[in-house]
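Got some structures for you, see below.
The same subunit A turns up in both complexes below, where it pairs with subunit B and then with subunit C.
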Partner chain A sequence: MNIWPIHPLRGGVHPPECKTLSNQQPIQTAPLAKQLIVPLLQHLGCSTQALVSVGDDVLKGQLIADSKHFISAAVHAPSSGTVSFIGPQPYPHTSGQLLDAIVIDTDGLDRWCPLEPLANFKEATAAELLEKIRQAGISGLGGAGFPTVVKLSPKADQSIKTLIINGTECEPYITADDVLMREKATQLMLGIDILVHILQPENVLIAIEDNKPEALACVRSALQQRNYYVVAVPTIYPSGGERQLIQILTGKEVPAAQLPAQLGILCQNVGTVVAVHDAIIEGKPLISRITTLTGQALRTPMNVECLVGTPVLELLEFAGLQQAKMSRLIAGGPMMGFTLNALSAPIIKTSNCLLAATAEELPAPPPAMPCIRCGDCAEVCPANLLPQQLHFYALGDDHPQLQAHNLFDCIECGACAYVCPSSIPLVQYYRAAKADIRELEQKQVKSEHAKERFEFRQERLRLEEERKEAERQARAERLAKTKADQAKKAAQAEAAGQQASTADDDVKRLKIAASMAQVALRKAEKQLETHNTEELKSQIEQLRITAEQAKQALAAINAAAPTPAPSKPVDDDLKRLKIAASMAQVTLRKAEKQLATHNTEELQTQVEQLRVNAEQAKHALDAATAAAPTAVEAAGVTEKAAKPELSAAEQALKKAKIEVAMKRAALRKAERAEADAESLAALQTELTQAEQSLAELN
Partner chain B sequence: MSMVFIAVTALVLLSLVFGAILGFAAVRFRVEGNPIAEQINALLPQTQCGQCGYPGCKPYAEAIASGEKINKCPPGGEATIQALAELLDVEPEPLDAVEGEKPQMVAFIREAECIGCTKCIQACPVDAILGAAKQMHTVIVSECTGCDLCVEPCPVDCIDMIPVAGTLQSWKWEHPLPPGTLIATDREALK
Partner chain C sequence: MTLPRITSPHAKGANRTQRVMLLVMAAAVPGILVLSYFFGIGPLLNITLACSFALLFEAAILALRQRPVAFFLKDGSVLVTGLLLALALPPYSPWWLIAVASGFAVVFGKQLFGGLGQNPFNPAMLGYVVVLISFPVEMTAWPAAHSIDVAAGLQYVFFGQALPDGWSQATVLDSLKTNSNLTLQELWDSNPAFGLFAGYSSEWVNLSFLLGGLFLLRKKLFSWHAPVGMLAALFIMSLVFWNGSGSDSHGSPLFHLLSGATMLGAFFIVTDPVSSATSVQGRLIFGVGVGILVYIIRAWGGYPDGVAFAILLMNLCAPTIDYFTRPRTYGHQTAKRGFKTGE
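And now, the complex of A and B:
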C-alpha cells in the first residue's frame, strides 16, 4: 500500500468527539414526510426559479426549480406528490428568516420519474458528465454547499494535479460521512473514478481521520487495484477544513483570497462524490442525503438517509426526541453549527447534522470576561491568525486593521473561542466584523453605481440643456433677422409714403392752379364779350393755353402718382409746373402791359387775378421743388439710418452671445478642474449676468 | 578661499538642479482639481438626496473640503461620519438630522394610483424610475438609492418609502456584548 507523507497541522484543538453516540448503528431510512418543504436556495450562489406551479403533480426526481446562472444548482422533487404551495417557508438559518420554497404534499407512492443511468461513464466525455452533474443539482454536501459542477470546471489555465476526497469529518458529534464511507465505499470509489475521468489528476488522496478505523478499513477494501492514496490523518479539529486539509496533505498553504484550484488542488467531500456516483451511474438527482441525528435529548441517535425538504421535527421525532430534555437544537456541529429555532424548517442539501443537546451537554457559554492576553487563541488558530488582535480591532470597529490582519482568512472554526479562558465569543466578533465589512463594501459598490448613474444623468441633462439653448439661440437669431427685415421694409415703406404724400400735395396744388387758370380764362372770356379788343383775345388765348397746360400737368401727375419710382414723375411734375409758372408770369406781364396802355377797371381786376394765378403757380413750383429733394433725401436717410442701427444691434447681440459662450466654457472648465466653490459661484453669476443681458437683447 | 568657493558653487549647483527637478515635477505631476474633495465624495453614500442642504453628494463633499461640518448626511449615518472624521482627522460629531439615522429605504409606487405624470421620473437623481407620460411608472428597486426625492413631486401621493426587506444574503451576525459588560448573575435576568 502506498504511503503518503503528511504535514501536521499547526494549531487546532481536541474537543470531546461524542461520535460514538450516533455511529453505532447502520444508516436508517427516514419515513416519508407528509409535506416536503423544498427551499429554492440550498446552496451558495444564485437562487433558483420554480418551474412548477401550485396544483402540479410532480414525480420523484423531477426538476422543479432551476436557474440560468452559472453558480447555482437545480432543485428536484424529493418524492412524488402535488405542489400545494410556493412561497416563504421556514428555512434552516440562524436568522430564522423565511425563504421561498416549493411545498409538496407527498402521495406516499414515491414514483420515480424516468431516469437516464450511464453505467459506462468512461465512454462519456468530461463535458457530458459535467452536464449530467449540473442537471442533478449537486452542491457540496460537506457544509458550504458550493455547486459541484463549478468546482469541477477549473479555468482553462488551471489543471488539477491533486484530487483530495475529504472524509475527515473533524467536527464532534457528526458521523454522517463516517457511516457513509462504511456503507457506501464502493459507490464512493466509482464516484472518485468519475471525477478522475473528468479531471485527470496525477494524484488522488482520500483523507480520513484516524478516529474512524471502520471507515478507513471499508474504504481501503473497496480500493482494490485503484492507484489512490487512502491517508489516515491525525485526529485534530479542524483538519477537515479545505485549506487545513490541503496543508496537512501537501504542505502547501492556499494563498489568501485564492482558490485551491490555483495550486492545482481540488477538494470534494465524500458525500458529494457519492452523489456524483448516483447522478451518473444511476441517473438520480440529489434529493436525499445522510444526516446525523444526535444529542442526548434523542433516545436513539442515528444517521438517517432523509429526503431534502423533510421537516426537522419529524426527523427528530423519528430518532426519539425528548422535547423536555432538549435545551438547544443545533444545525451542524457544536463548533461551527448554528442554533436552529424553527423546528418546522426542512433538511436541505447542506444539513449534515442535527444536534439536539441537553443543557448539561452544551451549557450556555459563561459571560465573557475581559481578554487577559494569554495568547492561547493564537496557538490554536489553524489559519495562523492573531485572534486576540482581531478581537480588539473588532471591538473598535477598526476595519482597515482587521483586513490587514487577514480577518477574511478566518474559517470561523471556533478553536480560539473554545480555548479562551475568558470565554470570549471570538468567532461571533469575527462574524459580525466580516458582515460589517461586507456590508460596507456592498454599500460602496452601490454608491459607486449610484454615482455613475447620477453623473451620467447630469451629463445627459447638460447635453439636453445645451441642445435646447442652441435651439433657443437659433430661434432668437431667426427672430432678430426677421425683425431687422421688417424694420428695413418699414423704412422703405415710410420713404415711399413720404414721396406719395408730396405727390399728393403736388396734385392738390396743381388742381387748385388748374381750376384757378380755368376761372381766369372764363373771366377773361366774359371781359372779351363786353370789350372785344385784339389784345384781350390774344390774352384769352394765352390764358387758355395756361389753363390747358395746368390741366395737362394735373393729368400727368395723376397718372404718375401711383408709379413706384416716384423721383422721375416728380421731376416731370416740376418741369411742368415750371412751365406753367413761367407761362402765368408771361401772361401776367402782358396783361400788365395792356393795363398800362388801356387802364380799365376790368383789366385791373384781370391783372390782379393773373398775378394771383402766377403767384400760386410759383408757390406750387416752390413747394414741389422743396418737396422733391427732401423726399429723395428722406428716403436715402431712412435707408442709411436703418442699416447702421441694425448692424449695431446685431453686433451687440453677437457680442453678448460670444460672452455667454465664453463664460459657459470658463465655468465648465472650472467645474472640470474642480475649482473651489467660490470661484465657481462667481463664474456662475457672471454667466447668468451675461445670459440675462443676452436675453434682454433678444 | 577656494574651499569656500567650491562649497558655495556646489550648493548653488545643487539648488539649481533640485529646483529644476521640483519645477519639472510641479508641472508634470500637477494634480487637477481638489483631491480631498474627491476622497470625501468617495465616502459619501451617493444617494444624491440633498438632505445635507447641498444639491448632491459632490457639492457637499466640496463644501466639507472647504470647512463645512461632516455630520449632515443622514443616509450615510454614523458610519460615514466616522469615516469622514478619520479621513479629515477631525472629531466625529453626532448626526445633524431631525429624524436621525434611518434604515435603508426603497421607493415603491402604488401602480394602480399612478396617473403617469412623469414628475417622479424627473426628480429621480439616478434614473431609477421607469415610465412614460400617461403610462404607469415603477421603481427599479436595484437602482433606487432611497433618497425620497420622488415622494414630494407626486401629485397623487402614490409613492411610499418602505424599508428594504432584509434577505438571507444581507443578514448580519450581531455584535456580541463587549467582555465584562455582563456578569454571570445578570445572565439569568437577561434570559
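And now, the complex of A and C:
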C-alpha cells in the first residue's frame, strides 16, 4: 500500500478524547418519533419554501421544501404521515430562536415514495449525478452544512486535483464518523467512486485520525483495488478542520479568505460521502443521519441512525437520559459545540452529536483571571494567531488592530481558551468582536448607500430644474412672440388714427433694449476675464455683434422716425428687435448660469444654443434694417406672411435642439457618475429619440 | 428545565494560574535547600519575611484599589514575587530592607500598573534593584558559607545589631571584579569563596536552580527559548571575551554560567511571562538580550552582577520586540510587523 507523506499541524491540543463512551456498540436505530419537526433551513445558505400545506399526506422521502437558489438544499419528508403544522418551531441553534419548520405527524408505516436508484452511476454524466445530489438535498454532514452540490461544482478555472475525504473526527466525544466508517466502509468507497467520477481528481486521500484503528482497518479492507490513499493522521485537535487537514496532508495553506478549491483541493466529510452513495445508488434523499448520543448523563451512550426532525429529548431518552444529572446539553463536541436549552429542538442534517454532560464532566467555567501573557494560547493556535493580543484589542474594541492581527482568520476552534491558565473565554471575545466589526461594516455600507441615494436625488432635482428652466425659457419666448403679434395687431388698428406717438414710444423701448444688450455684453466680457474659455470668447463675440446690430437698428429707426408715413412696418420691426434684445438678455442669463457650474460639456451645448439665438436675432435685425428705411408696405406684407410660419418652425427646431443637448448632458453625467447599465441604456435611447426628432425637423 | 447557555469551548484544560505559580515555587525548592545548606536559616528567614511583607502589601493595596482581596491573593503570584526577591537578596537581610524591597516590588512594580498581568517590569527585580542602589552596604553583606552564627544573624536581621567579624565575605563575582594583581589561579587558591568552577556555594546554588528550571521546562510551563537564549548568549559572550587567566580576566564561560544569579535569572525571572516578550521568536531575542547585558554589566559595568539590571532593561524592550516578531498567520504570505500595524 502506498504511503502518503504528512506534515505537522501547527499548534493544537490534546483534550481527553472520551470516545470509548459511545463507540463500543454498533449503530442503533432510533425509534420513530410521533412527530417530526423538519426545519426549512438545515444547511448553510438560503432557506427553502414549503411545497406542502397543512393536512397534506406525505410519503417517506417525498420532497416537501425546496429553493430556487443555488446555495440551498432541498428538504424531504423523513417518514410518511400528515403535515400538521408549518411555522416557527424550536431549532438547534445557540440563540434558542424558533425557525420555520414542517411538522409531520408520522403514521408509523414509514411508507417510501417511489425511488429512482441509479445502480450504474458510471454511465451517468457528472451533470446528471450532480442534479441527483442536489435533488437529494445533501449538505455537509460534518459541521457547517454547506450544500454538497455547490462544493462539487468548482469554478471552471479551478479543477480539483486532490479530493480529501475527512474522517478525522478530531472533536472529543464524537464517534459518529468512526462507527460509520466501521459499518459503512463499502458504501463510503462507492460514494468516493461517485465523487471521483464527477470530479476526476488526481489523488484521493482518506484521512482518519490514528485513534480510530478499527475504522482505519475497515476502510483499508474496503479499499480493494482502488488507488486511494488511506492516511492515518496523528491525533491532535483540531486536525479535522478543513484548513488544518489540508495543511497536514499537503503542507499547503489555504490562502486567507479563499476556499481550498483555490489550491485544487476539495474536502468532503465521510458522512456526506455515504449520503451521496445513498442518493445515487439507492435513490434515497438525505432524511437520516448517524448521531452520537454521549455524555455521562446518559445511561447507554451510543450512536443512532435517526431521522432528521426527531426531537432531541426522544433520542436522549432512548439513550437513557438522567435529567437530574445533566448540567449541560451540547449539540456537537465539547470544543466547538453549542449549548441547547430546549430539549424539543429536532435533529437536523448537521447534528453529529448530542453531549449530555454532568457537572463533573464539564464543570462550570471558573472565573476569569487577568491574562499573564503566558503565550500558551499562541503556542496552540492552529492559525498561528496571537490570541492574547487579540484579547487585549477585543477588550479595548480596537477594531483596526484586531483586523491587523487577522481576527477573521480565527477558526474558533477553542484551543486557546482550552489551554488558558487564566480561564479567559477567549473565543467568546473573538466572536463578539467579529460580530461587532461585521455590524459596523454593514452600517457603513448602509450609510454609503444612503449617501449615494442622496446624491442621486440631488442630481435628479438639478436635472429637473434645468428642464424646467428650459421650458420656462421656451414659454417666455412664445409669450413674447404672441405679445408681439398682439402688439402688431393693436398697432395696425391704431395706425389709422394716431401715428407719431407710438413711433416715439417704440424708439424709447428700442433704446432700452439696445442698452441692455450692451450691458449683457459687458457682463459677459467680465465673466470672460475670470473664466477664459474658447466657447465663452466666441459667445461674447456673438453678443458684441448682437449689441452692435441693436445699436445700428436703433440708429436706423431714429433716422426713420421723423417720417411719420411708414409707421406700421417700423412698429413691426421694433417688435422683432425687442425680441432679439430680450433673447440677448436670456443668453446672458444662461451664460451666467452655466459659468456658475463650470461645466465645459454643458457650456458647449449652451453655446450651440446661443449661436442659434444670435443667428435668429441677426436675421431679424437684417430684415429690420433692410426694411426700415425703404419701401415699406411690400416688405411689411411679406414679412407678416412669412414670419409666423418661420418662427413656429424655428421654435420647434430650437426645442428639439434643447432636448438633444439636455439628453446628451444627462447621459454624460450618468456616465461620469458610473450609473448602472440599465439607466445608461435608458438615457441612451432617450437621446437617440431626441436626435431623431431633431433630424426630422432639420 | 433550564439548561445553561455557555459558549464553546466547553472542555477546559487543567492548567491554572495558581498551578503555574505553585509549580514555580516547587521548582525553587532544590535551590532553597542548597542555599540553606550553605547559609543556614538565612534564606528561609528571607523567604518568610519577603513573602509575608509581599502578601501584606498586596492585600493592602488590593483593598485600596477595591479589588477582591482573597480572589487575587489566591492566585499565588505575589508569593512568587516574594520568593524570588528573597532568593535574590543576601541571606540574613535586615527586615526593613526586605520590607522596602517587597513593598516597592508589589506596590510600585505590580499593583500601581494595574495588578497581575499588567506590570511592564518584573516586580521582584524592580524591588531588588531599588534596595541594591539604595542600601549598598547591606546588599553586599553576603555571609560566608557555613560560618553561621544563627543568634548573631537573627539579632542583625531583627534588631540591627552589628554583624560579627568575618561574617560576610565578598562574592566571587565581586572578588574577580576588584582583583587587579592576581592571576585566576592565585585568586582561586587564596580565596576560600572560590569553588571548582565558580563560587564555592554559588556553583551549587546555580546548579540547583538549573535543576528546578529543567523541571519547569519539562512541565511545559515555558518554552526553552528565553532561558536557552540567555544562557547561550552569556556563554558566547564570556567565551568571546575570555582573555585567559590573567589578572584582568573576566572569568571563564563556566564561571559566568555558575555565578551570581545566572540560573535563577534564566529559569525563574527571564521566563516571567508578564514582563517578557510573548512570541516564541520574541522570547528568544529577549533571552539573548538579557544574556548579553548580564555579561556587559559583569565585565565592564559598575556592579558585580547584572542579572536584575539586564532583565529590567530588556523588560523595557519587550513590547517593541513583540511588535517586530509577530508570527505569520495561516494562509497569509507575510507577517505584519512593526509599530504601524493596525493604525
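Just so we're on the same page, the second predicted complex is superposed on the first by the 449 of 698 C-alpha atoms of A that agree within 3 Å, B and C clash if a C-alpha of one lies under 4 Å from a C-alpha of the other, contacts with A are read in each partner's own complex, and residues count from 1 in each chain.
Note that a contact is a pair of C-beta atoms (placed from the backbone, for glycine too) under 8 Å apart; a residue touches a chain by one contact, two chains touch by 3 or more.
The model shown is predicted, which means the values in this text are computed figures rather than measured ones.
Novice: Once the structures are superposed on A, label A:256 by its partner contacts, choosing first (subunit B), second (subunit C), both or neither.
Specialist: So A:256 only meets subunit C here.
Novice: Considering only the touch criterion stated at the top, classify A:329 as touching first (subunit B), second (subunit C), both, or neither.
Specialist: It touches subunit C, and subunit B stays clear.
Novice: Just checking: does A:403 make contact with subunit B only, subunit C only, both, or neither of them? Give me first, second, both or neither.
Specialist: second
Novice: Considering only the touch criterion stated at the top, classify A:447 as touching first (subunit B), second (subunit C), both, or neither.
Specialist: first
Novice: Regarding the shared-chain residue A:55, is it in contact with subunit B (first), subunit C (second), both, or neither?
Specialist: Touch status of A:55: no partner.
Novice: Could you say whether A:99 touches subunit B, subunit C, both of them, or neither, answering first, second, both or neither?
Specialist: first
Novice: In the overlay, work out which of subunit B or subunit C sits against more residues of subunit A.
Specialist: C
Novice: Quick check on the superposed pair: does A:389 touch subunit B, subunit C, both, or neither? Answer first, second, both or neither.
Specialist: Touch partner of A:389: subunit C, not subunit B.
Novice: Which of the two partners, first being subunit B and second being subunit C, lies in contact with A:114: first, second, both, or neither?
Specialist: neither
Novice: In the overlay, answer first, second, both or neither for which of subunit B and subunit C A:371 touches.
Specialist: both
Novice: Would you mind listing the overlap between the subunit B footprint and the subunit C footprint on subunit A?
Specialist: After superposing on chain A, subunit A residues 94, 364, 366-367, 369-371, 422, 425, 428, 431 contact both subunit B and subunit C.
Novice: Would you pull the subunit B residues touching subunit A in the complex into a rising list?
Specialist: Residues 32-34, 37-38, 41, 44-48, 56-57, 59, 62-63, 66, 79, 82, 125-128, 143, 145, 166-168, 170-180, 182-184, 186-187.
Novice: In the complex of these two chains, what residues of subunit C are touching subunit A?
Specialist: Answer in residue numbers: 1-13, 15-17, 19-20, 71, 75, 77, 115-118, 222-223, 273-274, 278-280, 283, 322, 326-332, 336, 341-343.
Novice: For the complex, which residues does subunit A have touching subunit B?
Specialist: My answer: residues 41, 91, 93-95, 97, 99, 364, 366-371, 395, 397, 422, 424-425, 428-429, 431-432, 434-436, 439-440, 443, 446-451, 453-454, 456-457, 672-677.
Novice: In the complex formed with subunit C, which residues of subunit A make contact?
Specialist: Spelled out, the residues of subunit A in touch with subunit C are 10, 13, 15-16, 94, 96, 172, 243, 247, 253-258, 323, 326-330, 332, 334-341, 343, 355, 357, 362-367, 369-376, 378-379, 382-386, 388-389, 393, 398, 400-406, 409, 412-415, 417-423, 425, 427-428, 431.
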